[in-house]
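You will see chain A twice below: alongside chain B first, and alongside chain C after that.
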Partner chain A sequence: MISMDIKPTPTPAGADKQRRPRHDLRSRPRGALRITGIGTIVRFLVVLFLAAIVFLPVYVSYVSAFTPNGEMARSGIVPNPAHVTLANFRAAATAVPLLREYVVSIGVVTLQTVGQLLTGALAAYALVFPRWRGRRIAFGLVLVTLAIPGETIVIPNYELVGSIGLRNTILGVVIPYLAAGYPIFLLRQAFAAVPVEIWEAARLDGAGDIRALFTIIIPTCRPQVTNAVIWSALAAWNGFFWPLLITDTAAARTIQVGISQLAASEAGSPSVIFAGAVLVVVPTMLLVIFAQRFLINGLTRGVLR
Partner chain B sequence: MRTTASSRPVVTGRGTGVGPWLAVPGLALLVVFVFRPLVRTLQLSTYASDLIGNPTRFVGLDNYVSLLTDSDFLHTVTISIVIALLGMVLATVGALCAALLLRRRLLGGGIFNLIFSLPFAYSAASASAVFAGLFAPSVGVLNIILGEFGVGGPHWLADPVTAVWSIAIATAWYEFGFAFLVLTAAVRDVPPEVVEAAQMDGAGGFRLAARILVPIMRPSILFLVVTQTITGLQSFAQIQVLTRGGPAGATTTLVYRLYQLAFGNGTPDFGRASVIAIILILIVTAITALQFRLFGREKTA
Partner chain C sequence: MKNRVLTTAIVVAVLAGAAACSSTTSGSTGASAPDPSALKNAKGVTQITIWHGLGAANGVAFGKLIDEFNAANKGKIHVRATYQGAYPDLLAKYTAGLRSNSTPTVLLAGDIATGFMTDVKKSIPAQDMAKANPGDLKLSELSPAGRNYYTVDGRLQAVPMNMSTPVLWVNWDLLKKAGISEDTDLSTLDSVVAAAKAVAEKTGQKGFTMPDDDWYVEQLTSTAGQDFCTPDNGRKGTAATGITINSGAAKSAITKVADLYRTGVAVDGAPDGSASISAFQAGKVGLLLQSSGLLGALKTGTPFSYQALPFPISGPRSRSGGIIGGSALWLSSTAKQAQQVAGWKLETFLASPAAQEEFSHATGYVPINTETDSSATQQAYLKANPNLRTFARQVKNTPTVSATAGCVTGAMTAIRTSNINQLQAAFSGSKSVGAALDQAAADAKSAIKTYQEQVGQ
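Let's look at the complex of A and B:
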């Protein structure tokens, strides 16, 4: 039995700012610093080696995507700048309708994220503020869903979504995911950390449940709401198994299904596959580059607590 | 006519109002798309199916017996666990080293931080596509690079052993980004006083990391060990893109076998596919229960 007295999440995003400045390690005498000089060089070399391994697939895919097939075999690891071309991107978009699939994926991300946030915020509110019988059981059910791998329940969902005529539609791709346990859990923990007095004051001012939720509770929990949005959007954008199953025509195929088909159809020309992969990761790459601090401070800690 | 309630103050009691009903949309969707399928999967696993996959008659545990006595299926279970553990260990240990080495300021530290986070931008499918281009036999970039060093790379995906390693490496790379983000957060959360005190005692470098930092970061490491193992056990995109379960079934994982049975080219076999689903749920539940026990012990310790 899963215990239900999980501690409410403190606001993680703001907590970082109050940390003391990190001069602790440089407060040692100067001599000690000089001795660690060799250590620092070794540390740098080990990091460089690790980074080279991790960066290799990214580097190779970007360089190959912008140069003709086989460029690395001819020019070595550093390509000839004169050979830069967009031909691979055109070839990728011709082999698989990547542009259309991009639009489908954006639609899927939008619907799924809005759905999960809406159902999640409403459910989290109901699980925290009003007192009702079965509240703890309801939360227990939400927790149970967190432990069920999504792949294990696709067969019945495939039957159901097919039987209501939603195969090969965007709605069919998103409908099983309009609610998800994790956003409910995340928002429930956030709401539970809000002082009840704030909620009671809003109700005394005459606000109904819906108004209290949207004008008082959600704005108070902005960092965790942002976490939930990013989690839902990433899950929707990265989803692969279900979209693959429920689409057998190009009508509602997502970009993730598209890239897997590109990898199969262009097996002989890696540069074209790489070009497709470069296109697929543009939005998430931007997220990592510009929101890396947020991902470290918010998302990962939100996941942990 | 009776006076309406509008003149009275709004009811603020916690037991009244529409509040509880707001849980309905979310919970109803979970019931329809998670709990109903769960029960149905359990039911399907005990039925034989006709030519289009529909359940025909109750066969009890026949599907379970037929799978669990099939040596190919036992290989599928083993290889799923091997891939999950290899991926988890490579990703977690690699990310732990990276996060620890970047704790103190380092030349180019910002760029290294970014590089180690980059795999997080890749989905399982897009990471697998990248590795498909890397591992391809004659045109694959990995063998071209190895060739520059005078090493003749193997036929990565055609040999059973290197194929498993290839899948594990792709899985580890894809998991590395998240592991690095989690462990970087954990390293930064170590109280500076603790580090200072340890350094006063002369602990530095490796000893500091092994004796002080890693024990403090234990909850995060444990969290990664559990979640990455579970993610690895659900590996599908890597298999679908890189090997399609081959060569000769060497990389057929649980989810890929489920996919083949229920949605592959042959006659759909929802019964045995559902057995795989139930087995996967049992394995994941066991790992989750273990995690709760371990975390529980952590709290009391």
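Let's look at the complex of A and C:
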């Protein structure tokens, strides 16, 4: 045994604690370092492989969008740079009023995200700080809404929004989604982790509920709030069936509905469809890339509590 | 994509029942097709709407026709055309609109919507409108294949707008490498199977592909001379009760194609057909079954000699042939009478020889008006574009029998979805062809039953 070879030397009390780690290190069986190295490499390769699985379809979409039909299959994974073209984007822009639909989509995303954040924060605050009878039941009801598939409420929503005269308007697109269960759940969990003393102190200093929420609680939970914003924005940007159903003219159409027009033919041109897909995916990718610091922080926060 | 199809299927299913119920209370339709006086007596500009599912270049060409109609009818009729999603989404949206009475004056619905559109009884049959408006569209000018498809219970229900036809796309460079010359007969399924095997064997490339789409299974059935649905494809007064692909000539034809996949001669074409198109355009597959609508996409970036040939048949020529695809114009029975006549004027314009010629050149669809052929510019165009001539000839030469009319049932979307799943299992080898087709038939039977219960048939 290697540890047997090491002669213990008398040391002053206290120093023992500091030296023990070194002793442990030395006493590690021979080859352990090499195993750790191999383990790291294996782990790295696995991560690389998984990243490739995720990245490959994105790569194929981008390359196909910039090359003629069939180029990807012809020249393999690295296409011939001589064939790079913007023709697919031009064809997509001719078939669909991209700019106007982008503007509508941005409007929908803004309204829906702000709405969900406001209703989510107010609901989460009410579920955490003031003490009132039935708040656990209320929270349970919010959780139940997460289990209801969106498709099942499309028709009642359609009839309701139609009956209040909001069909074919941007407001009609966002109104059923101004409150959502997931952001409430996310913010409620975040607020519950804030020490109640902070809230009590704010209240003692004379802050009302709204002021306590917006100046004390929300700034304390910035990562989770960012997380909720990203979730809401992505959901709003990616909506397809509801915006299609509730809008009748191109003026209130979102980009997702518009882009689907590129694929709606019996044998569409795959490269033009990819070009459309790339244009739709760019904002969501940018959002996730720039906000991922908050996203990861928000997701892992509280796991050790 | 699958999710979207499922969502659409759910919504259509939920709404179908309600739509059918409301139709029975609103009385019969078509009994009172308005005559031209309804529009004459209307004051100001009659505003009408048309919903369509034409995407990309087809949508652009359609928009141009609408602009032409609006310009020609300035001060009298104004049409607002809106894209409302691909055919299944369009149908879901229309069905939702039925409940709130917000459907368009004219709906350009996909071919397989025929059964559903007839069942909900919210359209005036084209036959009735033509009778009440003798100065407008002449139904006798419409292509017999188109009339055959959209005739249900002996009456033409809708005016076909665009027809596609399934064809065999051939990469001659690859076939020649396999020793198959351009004068080889590829008109039968057996000859196509043999050619595909030769390509795979001698060139190292794949011999065959097609989209994993039930439309092609329906074509393999009709080109075997067999009705897809029983009885009589649902067209002779009795609603369809099941599908026939697990028996007879259809089963034999589908098995031959499935064997190409199971032995590695064919390459998977993906449900949306994109993989089949990419592989064909990359020169990696010799033979492709696809819609005539592919012509536009092939025109750019196909660096080899290709040609469209008629869809291979496996049954007797007198009663076998392809089924048309495309869409047709359905006129609302709930719109105001002036709007209905204006809508009929629009349908007359869209189906006219000149509009059909223009639309055909822009999209590759086969003109639905037989008079288009008598135009000198059309003849010159066909001479310069032999593939379009092949499409038109195939449609013209298809015998008008129940097999080539295709199945009419409102459960078609659900049938197609379950058939695709079984088809993929059969092609991949995870299930025997017989077991997959039997399962598809059982699923179709229950889909039809569910649909009929919902609409109270």
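Just so we're on the same page, the second predicted complex is superposed on the first by the 216 of 305 C-alpha atoms of A that agree within 3 Å, B and C clash if a C-alpha of one lies under 4 Å from a C-alpha of the other, contacts with A are read in each partner's own complex, and residues count from 1 in each chain.
In the analysis below, a residue touches a chain if its C-beta (ideal position, glycine included) is under 8 Å from a C-beta of that chain, and two chains touch if they have at least 3 such contacts.
All values derive from a computational prediction rather than experimental measurement.
> Should A:245 be classified as contacting the first partner (chain B), the second (chain C), both, or neither?
both
> Check the residue A:280 against both partner chains and state whether it touches chain B (first), chain C (second), both, or neither.
First partner only, chain B.
> After the superposition on A, what does A:136 contact: first (chain B), second (chain C), both or neither?
It touches nothing on chain B or chain C.
> Based on the superposed arrangement, let me know which partner A:69 touches: chain B (first), chain C (second), both, or neither?
both
> Examine A:55 and indicate which partner it touches, taking first as chain B and second as chain C; both and neither are also allowed.
Once the two structures are laid over each other on A, A:55 reaches chain B alone.
> After the superposition on A, what does A:155 contact: first (chain B), second (chain C), both or neither?
So A:155 meets both chain B and chain C here.
> Count the residues of chain A touched by chain B and by chain C, then name the partner with the higher count.
Chain A has more residues touched by B than by the other partner.
> Output check: A:292 vs chain B and chain C. Expected answer is one of first, second, both, neither. What do you get?
Touch partner of A:292: chain B, not chain C.
> Is A:270 in contact with chain B, with chain C, with both, or with neither (first, second, both, neither)?
both
> Using the superposition on A, tell me which residues of chain A are in contact with chain B and, in the other complex, with chain C.
The answer is residues 69-70, 72-73, 151, 154-155, 158-159, 240-241, 244-245, 257, 260, 262-264, 267-271, 273 of chain A.
> Under the touch definition given earlier, write down the residues of chain C that touch chain A in their complex.
The contact residues of chain C facing chain A are 4, 7-8, 10-11, 14-15, 49, 53-60, 80, 82-87, 89, 92-93, 96, 99-100, 102, 164, 272-274, 277-284, 290-291, 293-294, 296-297, 300-302, 325.
> Considering only the defined contacts, which chain A positions touch chain C in the complex?
Per the stated touch rule, the residues are 68-74, 87, 91, 94-95, 151, 154-155, 158-159, 162-163, 167, 240-241, 244-245, 248-250, 257, 260-273.
> Which stretch or stretches of chain A touch chain B in the complex?
Against chain B, the touching part of chain A is residues 2-3, 20, 22, 24-25, 27-28, 36, 39-40, 43-44, 46-48, 50-51, 54-55, 57-58, 60-61, 64, 69-70, 72-73, 76-77, 118-120, 122-123, 125-127, 129-132, 135, 138, 141-142, 145, 147-160, 175-179, 181, 184, 200, 203-204, 206, 208-210, 213, 237-238, 240-241, 244-245, 256-257, 259-260, 262-264, 267-271, 273-274, 276-277, 280-281, 284-285, 287-289, 292, 295-297, 299-301, 303-304.
> Enumerate the contact residues on chain B facing chain A in the complex.
Going through chain B, the ones touching chain A are 10, 12, 14-23, 25-27, 29-30, 32-38, 40-41, 44, 94, 97-98, 101-102, 104, 106-108, 112-134, 136, 139-141, 144-145, 148, 173, 176-178, 181-182, 184-185, 188, 192, 195-196, 199, 204-205, 219-220, 223, 230, 233-234, 236-237, 240-241, 255, 258-259, 262-263, 270, 273-274, 277-278, 280-281, 284-285, 288, 292.
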